[in-house]
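Shared chain: chain A. Partners: chain B in the first complex, chain C in the second.
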Partner chain A sequence: MTDILIIGAGLSGLFASILAAKRNADVTLVSAGHGGLSISHGCIDVWSKATSSLSLSRLKKNHPYRIAGKRALNIAMEAFEDIMHDASYPFSGSLSKQLFIPTAIGSLHCTAYAPISLAHSQMTKGTPIAIASIAGLRDCFPEMLVKNLRSNGYLVERSISLSLPGSEPYRDLYSTDLAYRFEDSAYRDQIAQLWKPRLSGIHCLGIPAILGLRQPNQVYQSIQVLLGIELFEIPTPPPSLPGLRLEQVLFSTAAHFGVNIILGSSAIGRIDRSRKLKRVSGITLQTPSNSRQLKAQKVILATGGFLHGGLIAHRDGSIQESVFNLPIDYPENRKALLAPSLFDKQPYEMHGVRVNSRMQPLDLKGEPVYENLFSAGGIIAGADRQSEGSRQGIDLATAQRAVEAALE
Partner chain B sequence: MNQEFLPTDHCLKCNICTASCPVASVTDRFLGPKAVGPQAHRFQHPHYELPDVSEEWCSSCGTCTLVCPHDVPVAEMIAKMKERPNREASWRDRIISRPEMLGRLATRFASIVNPLINSSRVRAALERYFGISSKAPLPTIARTSLNKSLRDYYVKSPNRLEEISRLTVGYFHGCSTNFFEPMLGELAVVILESLGLYVFLPPQVCCGLPLQSNGLFDAARKLANKNIKLLTPFLREKIPIVGTSPSCMLAFKHDYRAILGIDTEESNLLANSTYDFFEFILQFVPEEVNRISYRKVVAHALYHPPCQLRGHGIGTPALTILRRIPGLQLEVSDFACCGVAGTYGVKSERYQVAYAVGEQLFQKALAMNVDFIISDSETCRWWISKHTKLPAYHPLEIMARSMGIIT
Partner chain C sequence: MPSLSTELLVIGAGATGLGIAWDACLRGIKVVVVDQSNIAQGTSGRYHGLLHSGGRYAVTDPISAQECASENSILRRIIPHAIEDTGGLYLALRTDPADYAHEWQRACQEIGIDVEPQSLDQVLRREPALTKSISQAFQVNAASLDSFDLLNSLSHSIRKTGGQVLLHHRVNEFIIEDNTVVAAELVSELDQTTMQIGAEIFINAAGPWSDQVAALAGVKIPITHSKGTMIAMANRLTHTVIHRCRPPSSGDAIVPAGSVMIIGTTDIPVSSANDLPIKPSEIDFLLDQGEELIPGFSNRRPLRAWSGIRPLYNPLHDDMNSTRGISRSHVLINHAETDGISGLASIFGGKLTTFRLMAQRVADFVAQELQIDDQCCTDTVPIEPEEKEFIILSNRTTRLLPSENNARDSVICECENVRRSEIEAYIQSSDHFELDNLRCTTRLGMGPCQSAFCSVRATGIAFSSYETEDLLIDLTSFIDRRWRGTSLLAWGQSMRQIVFSRRLYLELLGIQQVSGDKS
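On to the complex of A and B.
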């Protein structure tokens, strides 16, 4: 029997597990695989609308931010920054000002918090910079990147192609391959020898995000010293390191605080299915060998939305919550879930479980379905995370609120 | 496990597996699990071989399957690609994949074999003529194997079991415990008995995993079917099987069905009734486990959960016990694999890559200045111990020490 059982190892699930473990709860985290965090941009979007700033009172009453409250968001961000600081992977940013981080194709990603190797690009606006591509790195498009960065106001003076030490690789390299190499200080010395002569006259260089996975900040600082110039990183298409680093930090922090992490098994339903209890006594876990029961005092559902396994859209138009079969609103006509264009606001984004201020999933009458079930992150209805640019902020704020309520 | 669905079509090509692959990031010879598994599978012609042979570099650690968010059995697909007829395997691969045969031979001549294994000349010759890396650890052969020291614990069939009301469990020792580390098996039995269980050794043969990892599926299937046949009578009496070697237990739980393709009522029964040692005691006798009073073990240790244990999908049950031991300051490794992956790292042509996979783990252990390593899998213990020069123990040994069973 565990105090708190968390289902899902994305940003909200991992963050919730750390918050609860830090408060000395006995925490078990269950996840079928790695969550969406692996392929995320690794920054924290809170409200990325260039046209308006976040004002909770202007949001609809059922918006997760409004339900969780400003206080939850503030506490969550503070806790998040602390975790990252303690893990030597500091973030830069605030709730009051936007950052604009260059993407792999040179567009700007509006976000609230970014790891400092990415956020450093902000400092370089208005000063001359160079952009590097790496020979042999997969999905590296320097021409497009430079063109778009220029049209976005960056003074890109030069674009250079840097080669890697050693023999020709047998295949295109992923950013994760290079991250592993950069973690070796002898490799960094070789890089410095090879690159330094090519960097004369360059004060600041933007390079693809390849500078380490496990000790990224240490790698970032040391390579800047070795090369004698300022660097900032630009994320690559997946596998992209900023998301992987964030995931890595959260997994090891959770393990450090004693969270019992069960990866590779799925939560497939609750124990005591037949009985009409207002409590969840635990979940049934499908492991590679059999199904078994996992008992818990409190459960936090952090399985995400349609893209992450928390919600299932059936062919008949119905929407199902994947673990507890919680009530979900859905339109009569399935077509109403999708906008005509891929790039429009997608109506399906708004669907999910409805919750109260304690993050408890509600039934159609507005009562908590189970008194000890809470939820966090993408499973919660009421926000268009994509067009709002609010995904990570909602993940953190609702996780904070769910843990607080579960431990009350 | 449902074998019918088309796993390639479940692949979203998100690359989460490639990003997590311990081998791909250290060698560009391996294309990565996505490319070699589901991606190559799409273009596979039923009658032609794949032109790419990079699957040879896969160490079968299973991390890709574990991290896949969309249920694609990536590692299983790659494992199946490695299947080859016996005649195509080298003599080395045919021999190192038969630990039972090796162990049986070697225990007879333990006093001769052990000094030979440790002789640098012999190791150089093994490297040169046989392709066994001289830098890889080889186990020490026990003078008395477990099946001799615990001879009286063998029970041939369920009707020979004593009529007692206690919870009964069959202990599967596997080859390594039998021939190389019999003390581990003895400790397992002592601890299970101290928790009030009736323990016996069912008839058993090698689980077959080393053969499977070396692509020798026919021979592996023979052993698998033999084990299934030997164990089924006990399983039908609802007697669970418990083991201390996570790789053998993973073979029972998963590989027989998902890789060797033995999908029968009996193989499912075996999978459903097999438990890791710590998983078992926490699930079956939790109250007795809670009553254990642990003595202090003052030490700083690094616990590394082996890739094969991760494959069980049960988390790290040993940690639950280890964390209760007073005085034990624990660090937990978050590396997906130590590199050796059974027989992979022992091979000359793979040694460098296997070492590179584990290097950061070794460095971490040394940098943290731990007193010893704790890991559930024998090959991981030998491998990490060899490269860090630190002692490595099974969590069971630390538990036994804390219970005052050994000093």
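On to the complex of A and C.
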């Protein structure tokens, strides 16, 4: 029996597990696969609409921010910054200002908090910079990047192609391949020897995000000192390091605070029918070799939306919640789930479980389905996270509320 | 206005138009083919890839059936690299009308289509995924034909033989003097410039758009548009073309093609060439039909749905709910005879399997008009591919390994194993970069992820050769079209792919819709 069982190892699940463990709860985290962070940009988007700032009172009543409340959002962001600071992976940013981070193709990604190696690009706007590409690195598009960065107002003076020490690789290198190499200080010395002569006259250099996975900030700082110039990182397409770094930092923090982590096992919800109040009793954990029961006082569902397996769309148009089969609204015609164009607002973004202010999933009458079940993150209905640019902010704020409610 | 003159101007770079031009080239006729967009952008590129044995029409349309059967063996000779010899099976299920199979077998024998009865055991040993409720089975020599490969090879052969293929030029106007078409005014779809092409004969082979082209000369042609919808399913559950042995109807063929299999088609009358939207009911119908042949079919992952428009000859303009009853045979209309407008003829109807025969008949007509005696030889002259390396996954994989002769290459499209060098070669050989054309040339973006990663990679590569905003416009319109093709299939694993691609494009890469003239 565990106090708190969290299902899902994405941003909201990991964050919730740390919050609960920090408050001395006995926490177990289970996840069927890799969480969503492995394909995330690794920044915290809170509200990226250029047209309006975040005002909770102007949001619809069922919007997750409005339900979780401003206080939960503020506390969550403070807690997040603390966790990252303690893990030596500091973030830069605030709730009141927007950061614009260059993407792999040179567009600008509007966000609230970014790891400092990415956020440093902000300082360079208006000053001359150079952009580096790495020979042999897959998914590095220097010409497209430079052209778009220039049209976005960056003063890109030149672009240079940097090579790597050693013989030519046998295959394309992924950013993760290089990240591991950069963690070795001897390799960094070799790099400095090779690159330094090429960098004369350059004050500030943007390079693909390859500077370490496990101690990223340390690698970033050390290579800046070795090269004697300012650097900022530009994320690559997946596998993209900023997301992986955040995942790795959260996993080790959760482990540090004693969270019992079980990966690679899917969960089937179990209902406790012995009492009058409807409760969940835990889950059946399905591992590749067997299945076993895991009992819990409280369960936080952080399984994500359609992409991460929390919601399953069926051909008949119905939408299923994957663990407890919670009630989900869905349109009569499955065609209504999607708007025609990729660039349109997509109705599917709005679907998920409806919750009350304690983050308890609700039935169609608006009553909590189970009194000891809570939810956080992408599975919660009511927000178009993509067009609002609110995805990670909602993850953190709802996780904060869910943990508070579960530990009440 | 720039102008050029030729003997024959063909409008439409589909299988028919290119086939006519190829035939004319071989007879020494000076020819130009024009197309409003690109090669294989109409019905030919929106086809399921079935090289008919003829069996499908044996009972209802013996002439078409006979033509299919003889063209089948000709195409195997002249364009083997575009054909995968999968063979075909006709299956009558226990629920199908029992006497049809006999009638069908007899009809095939009369026409001379090779049909070999198979026992249930033989069939299941060959294709274990098939349903066991098969009452009768026959083997035929159907195959899988890659129309992109066919059309690219045709276009290459035409250019090599002295013909000209002019893409992205739409016919805007015909210049008619004394009731004779003497020239066509064309507008470039890329930069809106105009040009004039004078010719002795104009052939309208614009497929579903042929009524619009004819209207420019003030003539009407009796055409009915029929929409056929297809779904590509991830992976091949059979390596043989599977037909349903029953009167021709919707959803009765499954064709293995490349790394996927395609089920088709529906047959719905529509009002125009651009009436392509697909209804969810069509998707459900096709998946259910597939399920009857292959249990579990409808739970497999669909990759993409698309539709093509058949231009059918319908002189009576029957108002029907289905166009299935209209003959698939082709029709050549000489507008001098029907409308008193000389120098212009329209060809339409027919099917991809018989494109060469249609082309031959048109070229015969053209030769007669031009008083040229050369006979057709397209049934013996091979259509050479541009690159002699055939697009087969295993061939491509070998090329990825560095060897003494080859430098290291990298995979840009993992699903279809498209290499960087292929994209660079495309860039070198084309005057402008277009992702959709690259897709048709290399199969880039046609596999399970439907171009989520490779579209951006290919654009990134193109940026090193071109300095233009158009690349981003092309990228956004390409990924939007690819995404729309998957968006009808929003359930199960496809739904996850849909959400993933969109998140990758919009949130991770920050791709914004760029408005341009093309989008």
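The rule we apply is simple: the second predicted complex is superposed on the first by the 401 of 408 C-alpha atoms of A that agree within 3 Å, B and C clash if a C-alpha of one lies under 4 Å from a C-alpha of the other, contacts with A are read in each partner's own complex, and residues count from 1 in each chain.
In this text, a residue touches a chain if its C-beta (ideal position, glycine included) is under 8 Å from a C-beta of that chain, and two chains touch if they have at least 3 such contacts.
No experiment lies behind these values; they were computed from the predicted model shown.
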Task: After lining both complexes up on chain A, report clash or fit for chain B versus chain C.
output: fit
First, second, both or neither for A:G228, with chain B first and chain C second: neither
Query: So, does A:R171 touch the first partner chain B, the second partner chain C, both, or neither?
result: both
Field: Once both complexes are placed on the shared chain, angle at chain A toward chain B and chain C, C-alpha, multiple of 10 degrees
entry: 90
Query: Given the touch rule stated above, what does A:I39 touch, chain B (first), chain C (second), both, or neither?
result: both
- prompt: Looking at the overlay, what does A:G153 touch: chain B (first), chain C (second), both, or neither?
  reply: neither
Query: Touching A:Y348 in the superposition: chain B (first), chain C (second), both, neither?
result: second
Message: I'd like to know which partner A:E143 touches here: chain B for first, chain C for second, both or neither.
response: second
Task: Look at A:F251 in the shared chain and tell me whether it touches chain B only, chain C only, both, or neither; answer first, second, both or neither.
output: first
Field: Contacts of A:P238 with chain B and chain C, given as first, second, both or neither
entry: both
- prompt: Closest Cα approach between chain B and chain C after superposing, in Å?
  reply: 6
Field: Residues of chain A at both interfaces, chain B in one complex, chain C in the other
entry: 39, 170-171, 238, 309
Query: Given the complex with chain C, which residues does chain A contribute to the contact?
result: 39-41, 45, 103-105, 107-109, 138-144, 147-148, 168, 170-172, 235, 237-238, 240, 305-307, 309, 312-315, 333-335, 337-338, 340-343, 346, 348, 386, 391
For the chain B and chain A complex, residues of the former touching the latter: 1, 14-16, 18-20, 24-26, 28-29, 31-32, 65-71, 250, 252-254, 258, 271-272, 274, 283, 310-316, 319-320, 323, 332, 334, 360
Task: Going by the contact rule at the top, pick out the chain C residues touching chain A in the complex.
output: 280, 284, 287, 298, 402, 408, 410-411, 453, 456-457, 459-461, 463-464, 467, 471-472, 476, 479-480, 483-484, 487-488, 490-492, 495-496, 498-513
Field: Partner chain B, residues of chain A touching it in the complex
entry: 28, 32-36, 38-39, 169-171, 173-174, 176-177, 179-180, 183, 214, 238-239, 244, 248, 251-252, 255-256, 258, 260-265, 287-290, 292, 308-309
